[in-house]
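Some structures to go through are shown next.
There are two complexes below, and they share subunit A, which is joined by subunit B in the first and by subunit C in the second.
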Partner chain A sequence: MRRGLAIAAALLLLALPWLLHAVLPANQAGFWTGNILGRALVFGIIAMSLTFLATYGGFVSLAQMMIAGVAGYALAIFVEGAVPRIVGGAGYALAIPLGVLAATLMGLLVGAIAVRTRDIYLLMITLAVSMGVFRFVETNITWFNGYEGIRNVVGPSLLGLDFRNPWVFYHVTLGTAVLLFAGVMYLVRSPFGLVLQGIRDNPRRVSALGYNVALHRIAAFGVAGFIAGCGGVLATIYNIGISPGTIGLGATVNVLIMAVIGGLGHPVGAFLGSLIFTVFDTFAATIYDRDRFNTLIGLVFLVIVLASPDGVLGVGARLRRLLGRRAADK
Partner chain B sequence: MTGVSRRFGALQAVRDVSFDVMPGERRAVLGPNGAGKTTLFNTICGDFPPTAGRIELFGADITRLKPHQRTRLGIGRTYQTSLLFNGLSVLDNLFVAVRGLRPRRFSFLRPGRDDPSLAQARALADRMRLSHLLGVEVVNLSHGQRRQLEVGMALAGDPRVLMLDEPAAGLSPGDRPELLRLLRELPRTLTLILIEHDMDIALPAADIVTVMKDGEVVVEATPDRIEDDPVVQAIYLGGGH
Partner chain C sequence: MGANDRMELAATIVLNGLTLAALYFIVASGFSLIFGLMRVVNMAHGTLYLVAGYVGYAVFEPLYDQDLWWAWYAGLAAGVLAAAVFGALLQQVLLGWMQGQELRQALVTIGISIIAADQILAIYGGNPRQFFAPDAIFGSTQVPLVGGYPTFRLVQIGVAVAVGVGLWLLLNRTRLGMMIRAGVDDREMLGACGVNVPLVGVAVFALGAALCGLGGVIGSTAQPLAMGQDGRFLLISLVVVIVGGMGSVTGTAVGAILVGLAEQLGQAMFPTYSVVLTFVMMVAVLALRPQGILGRA
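Then we have the complex of A and B:
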């Protein structure tokens, strides 16, 4: 039944732009497809890298947005056509893997730096590394063009279709998200994933069983770095470039909020959280006031975590239990 | 082990302990709470390296090795309070335990249906009388079942030395015979070091008994002589205080 549900959800997501097109005017359908759903998927991927670490390793990392930014900057530095030209010369087919590789390496580095810390100390050390990279990028002109960042990263054209077309962007992003999600679900049942969950429950026992806990922890951050890197590449293309604000404190906290709103119990929570966040972020101006976006999302955050400490996923689980009890009573 | 000591700040938890355990020997370590038994275990397993002294395993110096390196040399252990993976199933716990000493233990690839580690995990569950609970999350097991799983996980790597830290702790009287049966079924080639408060478990299972008090070894004797030993009587009946 679970597999059937997953297939139905995937088909629905695939057909969603057509459904939107059927019920909305063309420009609004395009807006919803690219700027709401596409963007929610991009940030869902980045949030999933955090959820993966938190759910299966018990590590809450505040470095994931910065790691996504490393992929974005690597892409912008190497790809031909970016303004200003830092290195240039590479096509997207080379620059995108370079970006993801840079993020994976940064993930491994963060994992190695934070290897002995847990809980609040892990949170603080990942935040410190993020803010260090943010300040460095903001002040370095030679490599990162400082405060202004690097523009004109327009993305490749696929089979003659422009990447900036909302439908193309949405489907590429959806395909990436589905592959990464399936990869995570595969990985958590592999020996690596089981040992990672063992580390979450009892690191001392994992070590006593003959495993190298540090190696598994660092590898988990590497995997999360890869996931965040894929999101970072897509986010950079979505924004047609990258600037230090992308990896600032606000952006870092936003990813954490998405993950918590959605729920840290399962990777799908990251996408639910990201969708809710994106909708509020986009329509805050219409609903209330553009400048009051943080108040609004703060209230939504409070309501969700007060009503269900384990996020939207927790609400679903509670409803299922309630309905199950009702059915049992009958 | 020779002259092993462990100090935590001003507290001398283990003081100058020396003894040899022969291959295949069953040794029980007894002593009142705070005698340093678990700390002694932790120095042998590497959780806390000793502050002084030397530990050898089959002739090799292991004093400074990390816990996972000692495990790979053949030490398996259980803990006083069960240290299990609560979010995983019984089978997954045993599978992780079995894989810990396999050559390709770090792997991103899922095991196939006929994976030898999976088969060994199932066999262990059978041996520990847990095969009807394979898919159950460990958090839902009873205390007795958790203790059985704890022993099963320590046996998973086919250790040459098995160290059990109070395996009967918290067990109901009904569960104790099952534990004693499990201990008696262990192959005679296995060296066993056992910390136990319960003499009814410790004495039938042991060939030799070491009694500790205040971090030091005070008596070493065979089980039939231990109950009559005046020092042991003083410790357990309070005559020495």
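Then we have the complex of A and C:
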């Protein structure tokens, strides 16, 4: 039944642009497809890399946005046509895998740096590492073009379809998100995933069973780096380039907000959270005041943390239990 | 460049590093104190810096316009008080009742820091501002080897030393300090001995926040106060306590000196890569001593 539900959800998401087109004027349908749903999916992928680590490893890493940025910068550095040209020469078919590879390596490195820490220490250290990378990127002109960043990463054209078309972008992003989501769900049932969950619950016992805890932890960060890298490549193409602001403190915290609002109990929470975040971001002007978006999203975040630490998913579960009890009482 | 000039340059860099370290120590000691007793990673620590700076400036500016000599001191007092009240409220209203849920507390303080920074921007606008130090500690002083050096920066070092000594005396020589140290080791037992642990918690939070506020006003006298400083000083507090060791005053001092010197040396020797030096140092410490240089295992 759960599988049926998942397939139905995927089909609905696939058909959504056409549905939007049927109910909204053409320009609004395009905006919703690209700038709300597409963007929510892109950041959902990045947030899912955090949720994956938090749900199955118990690691709340604040380095995921930075790792996504590493993929974006690698893409922008190598791809032909980016302005300014840093290395250039590579087509998208080469530069995109290079970006994802760079992010995976960065994920492994962050995992190795934080390997002996847990909980809030891990949170502090991953934040410090990502802010270090941010400040390095911001001040280095030679490789990252400093404060301005690298522009004009327009994306490839697939089978004659231009990536800048919101429908193409949406469907590529949706495909990537579904593949990564399915991959995560498969991975956590594999022996590797089970060991990872064992480490979350009791690292000592797992270690006593003969598993190398440190290696499994680093590998989990590598997997999360790969996921974040895919998101980072898409985000860079979405933004037509990358600048240090993309991986600054604000952006780092935003990814955490998405993951927490959605709920750290299941990877699907990341996508829920990023959709809620994106909708608020887009319509803050109508709800409260365009310039005070941070206050608005901060309040939403605070209410969620105070009232339902397991996010929107937790609210749903609580409601179901409440309704179940009502039904049982009758 | 002659040997004399090189000597002078080296001495200036070291002195710059130490004055920076002094500011970092004042700010980070509050972070370390709160973490040491409460196990709270106060992600709103940088926000306290902003609160103290902006509230202090709001008091300072009209007085300064009237040429009153005590304008700066009034601003300092107002800023420190504002930060202390903010910190005490944070602990009393939001964090106290979720004691032990460390991650949730960190998330709550992140939420507060986002809202507070945005509201400060809404109230005070985005223009940078800077305190003017009173005449008594303004101007320059002759320092051997270095020559003329801004007096205020030397005062900064003096304040940091006073804070360090004061904290050490407070923790090791007073009744409150005894309670704090006992609380670090065993909160339940301290409560069972009849100490009002939540009240000690609020006091520690207020004290830690006040130290950050002190850093906020002093820092905003030495360099402009602007949005974004909250992130900068949160990050510096994190790095300083990670390097020096969590919850130890001496460790925080060592961490601050290392970070301050590394930053100045790096900027003088290889400007575009200076940031890397600080973080290589942090990673090296984590690899060799995950609890920090003077942290307890």
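Please note the rule applied: the second predicted complex is superposed on the first by the 329 of 330 C-alpha atoms of A that agree within 3 Å, B and C clash if a C-alpha of one lies under 4 Å from a C-alpha of the other, contacts with A are read in each partner's own complex, and residues count from 1 in each chain.
Assume contacts are C-beta pairs under 8 Å (C-beta built on N, C-alpha and C of every residue); 3 or more make two chains touch, one makes a residue touch a chain.
As the structure is a computational prediction, the values presented were derived from the model and not from experiment.
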Partner chain in contact with A:G324 - subunit B first, subunit C second, else both or neither: neither
More subunit A residues in contact - subunit B or subunit C: C
Touching partner for A:F192 - first (subunit B), second (subunit C), both, neither: first
Which superposed partner A:T295 touches (first subunit B, second subunit C, both, neither): second
First (subunit B), second (subunit C), both or neither touched by A:I113: second
Subunit B versus subunit C as contact partner of A:G89, first or second or both or neither: neither
Which of subunit B and subunit C A:A208 touches, first, second, both or neither: first
Complex interface listing, subunit B residues touching subunit A: 45, 47, 66-68, 71-72, 77, 79, 83-88, 92, 95-97, 99-101, 105-111, 153, 156-157
Complex interface listing, subunit A residues touching subunit B: 186-187, 189-192, 194-195, 197-198, 200-202, 204-213, 215-216, 219
Subunit C to subunit A touching residues, read off their complex: 39, 41, 94, 101-104, 106-108, 110-112, 114-115, 117-119, 122, 231, 235, 238-239, 242, 271-276, 278-279, 282-283, 286-287, 290
In the complex with subunit C, residue positions of subunit A that touch it: 60, 113-114, 116-117, 119-120, 123-125, 127-129, 131-132, 135-136, 139-142, 248-249, 253, 256, 260, 291-292, 294-295, 297-299, 301-302, 305-306, 309
